[in-house]
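The following block contains the structure, expressed as structure tokens.
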Amino acid sequence: MVEDYKLSVYSANMELVKSGLVTFTWGNASAIDRAKGLVIIKPSGVAYDMMSPEDMTVVDLEGRIVEGRLKPSSDTPTHLVLYKAFPEIGGIAHFHSEFATSWAQAGTDIPLLGTTHADYFAGDVPCTREMTDKEIRGDYERETGNVIVERFTSGLLDPLQIPGVLVKNHGPFTWGESVAEAVFHAAVLEQVSKIAYFSHTLNRHYSMNSSLAEKHYSRKHGTGKYYGQ
Amino acid sequence: MVEDYKLSVYSANMELVKSGLVTFTWGNASAIDRAKGLVIIKPSGVAYDMMSPEDMTVVDLEGRIVEGRLKPSSDTPTHLVLYKAFPEIGGIAHFHSEFATSWAQAGTDIPLLGTTHADYFAGDVPCTREMTDKEIRGDYERETGNVIVERFTSGLLDPLQIPGVLVKNHGPFTWGESVAEAVFHAAVLEQVSKIAYFSHTLNRHYSMNSSLAEKHYSRKHGTGKYYGQ
Amino acid sequence: MVEDYKLSVYSANMELVKSGLVTFTWGNASAIDRAKGLVIIKPSGVAYDMMSPEDMTVVDLEGRIVEGRLKPSSDTPTHLVLYKAFPEIGGIAHFHSEFATSWAQAGTDIPLLGTTHADYFAGDVPCTREMTDKEIRGDYERETGNVIVERFTSGLLDPLQIPGVLVKNHGPFTWGESVAEAVFHAAVLEQVSKIAYFSHTLNRHYSMNSSLAEKHYSRKHGTGKYYGQ
Amino acid sequence: MVEDYKLSVYSANMELVKSGLVTFTWGNASAIDRAKGLVIIKPSGVAYDMMSPEDMTVVDLEGRIVEGRLKPSSDTPTHLVLYKAFPEIGGIAHFHSEFATSWAQAGTDIPLLGTTHADYFAGDVPCTREMTDKEIRGDYERETGNVIVERFTSGLLDPLQIPGVLVKNHGPFTWGESVAEAVFHAAVLEQVSKIAYFSHTLNRHYSMNSSLAEKHYSRKHGTGKYYGQ
């Protein structure tokens, strides 16, 4: 039914591990088949080296299992909220990499400090607000998606220009037009988080001309882009 | 007599090394056979690559060697105190991994800052108080066990919900229902310590809604747990 | 035409990657053939493992492609400004390594704190000033070269004695008499940046006798040098 | 003449590299044959992978080459001063490892914060005072040895109980009864420096009961030692 997606979701999950972004089973990636309205996602709590493409679970946008013998990732409701709210995205990655997670635990946005950041994120990487008791005790994973969407809506942020977020006290989610791009953005975010950590602990009185950030983002992504072949 | 335990204790010690938690011979792991009242532990100061399962030393709960030609780890009396005080645990690991040890040397608890921490530890990872001269000059390794137990007793902490501790100016001990789980908790603790280090040096004014911690711990360990298959 | 240079530029780019200085495609190295007035440089945005020596692009000092089917690195105009301003240099490397970039993002010079630094850089590693909106929106990559040259000119710095620079909010450039030496200086700069980071976060009230720096630089590079065979 | 020493000095130098303590050619190790009054040391500035045991240079205690076609390490005069002042030591290592060097650049002693430190160093790892212009411009490498000796003499430190030192703005030297032990102490010092770095940046208001340090040092090295077999 969605065999190609199962392979790309499997590969993306394995790439997350190979990139050093996942400890134990702490990560998951998914893709959406927009035509069929189906989401293909890693099963919950399965060891990566025991997993094969056929183990990917297929759910509809209400989270009902359509195909697969394993329970989907417990974070599936978060993915579903994001797919509904951000119609341009085709894949999502969630992980607990060391530096991005440390910013999420610190509870602050990752400031835009350099051109490597600006090449992929057109602004600070936002951190969500603290969730309320009610949200946590209710439909927690769905509410996690909701606070992400709230942050983008209230901040007038474009999810394609800012392809990732930190969930406070939890960790990062990244996305892209495909699940492969979501995982690429995961690796970029970790590298950006790491360099920002070192910069921030060296000198908290930094500054960056916002024109420089716009220049770098636009030379890679703007209408007149000229980076690459 | 306890050949299966020797193999699992040997494997757990080797896993500690493979996980990057041990420098030189600075670590040890043990298991208890509750039925026989015997503890199986790594011998003292032996190089890992020279060691085989038969080298594991077997002692009774008073520390008398029951089987084995090598002296047990010099930390054996600490293990024995913990096995007596915490009847639910089946294995213990001790090591000097970089980040967990740095918190032990700093002399502070590891604050609960994120969900990866909350998934395995239902609260801060406690640090013991400074030992007195009398405790150090007396039966030092046994007293080390005693200050750990004191911390759990006085803090009303459940050793299965908080499966590890920092001994001040020394390093971490972790435990579990088996020695394999003790070593798994060792790796989790090091990762948690590392991310908390980065968070703490980024922003010391952090906060975490305690409901979020309870939610994450319970979705993995509570009666209604739903993580994994 | 310049086949030898293509091979050495290709090798230098691959060495940048092997040295851990490059994430994804975030780096480039070039050489100049002074006799012919040609610069040989990595193509823009090409994956390293798909690249061969023949893919190196050859441009003249005005940036016109003389040989090669691929667009040169988007940073080519920066390289050209440096080759014109610093006639003694034969190769340039640009990269976004973790520690050097973090100092660039922090916007400060790397202070001369130790003899490993002094062995290769006869003073602080300078950081350029913030670029103006006009410079950024104009011929940005050429202006990046200009602010580097301005820093060396205004600071009376000798580019052979200080074979590298940090571009504020961007990252390092290094150079040398050949492209191989530029890449060697890249690796030295990253190591120097890393140790300076740790020193700076340990104790910001450091000092170094400038005679010690002069001694170390001169025992490797002075007229009476006596290090090595 | 001293073929066995050449082999052990060669092996110790290679072990320094394998342990990750040396970048490029920034390190050297030597041994002394006390009976013959000869010192066997790595040649200056030679790449490790081009080096063989026969390349080790043999000098007498005045630094005159007795055997070998290559110039000895430029740090040879420092080694000679230490061999003369510390008659119990048989080998010396010098290197610029990341964390030990960062403490040397910060210009402070490494505080005794934990038992892994106390197992091998019976106190803080001392840092030498700043050298004077006269010392630096004079017989610099010999004076480097002299400030080390001065620190041990004035501080009433026993070089066997404190088998290493930080030379301010330069880097560490370690030693031992053999060159192999000197290199082992090098690896211990780097690990101790690393953990102390993390502790120090976490919480500068640390404390350690000195009885604990004495206990750990003596259980490994005292007359009643009981660690190991």
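As written, the chain order gives the labels A, B, C and D, with residue 1 at the start of each chain.
The criterion applied here is as follows: contacts are C-beta pairs under 8 Å (C-beta built on N, C-alpha and C of every residue); 3 or more make two chains touch, one makes a residue touch a chain.
If you want to know which protein each chain is, UniProt gives these names: A, B, C, D = L-ribulose-5-phosphate 4-epimerase.
Not measured: the values here are computed from a predicted model.
Visitor: Can you list every chain that touches subunit B and also touches subunit D?
Guide: Both subunit B and subunit D are touched by no common chain, going by the contact rule given at the top.
Visitor: Where the CA atoms of subunit C average out and where those of subunit D average out, how many Å apart are those spots?
Guide: Averaging C-alpha atoms per chain gives centres 33 Å apart.
Visitor: Would you kindly tell me how far, in whole Å, the mean C-alpha position of subunit D lies from that of subunit A?
Guide: The mean C-alpha positions of subunit A and subunit D differ by 47 Å.
Visitor: Please output the residue numbers of subunit C that touch at least 2 other chains, ranges allowed.
Guide: As it turns out, subunit C has residues touching two or more other chains at 197, 201.
Visitor: What are all the chain pairs that meet the touch criterion?
Guide: So, checking each combination of chains, I get A-B, A-C, B-D, C-D as the touching pairs.
Visitor: Touching residues of subunit D toward subunit B in the complex: what are they?
Guide: Listed in rising order, the residues of subunit D that touch subunit B are 113-116, 187-188, 191, 194-199, 201-203, 206-209, 211-212, 215, 219, 226-229.
Visitor: Could you list, by residue number, the parts of subunit C that touch subunit A in their complex?
Guide: Result: residues 23-24, 26, 43-46, 70-71, 74, 96, 98-99, 101-108, 130-133, 136-137, 140, 169-171, 197, 200-201 of subunit C touch subunit A.
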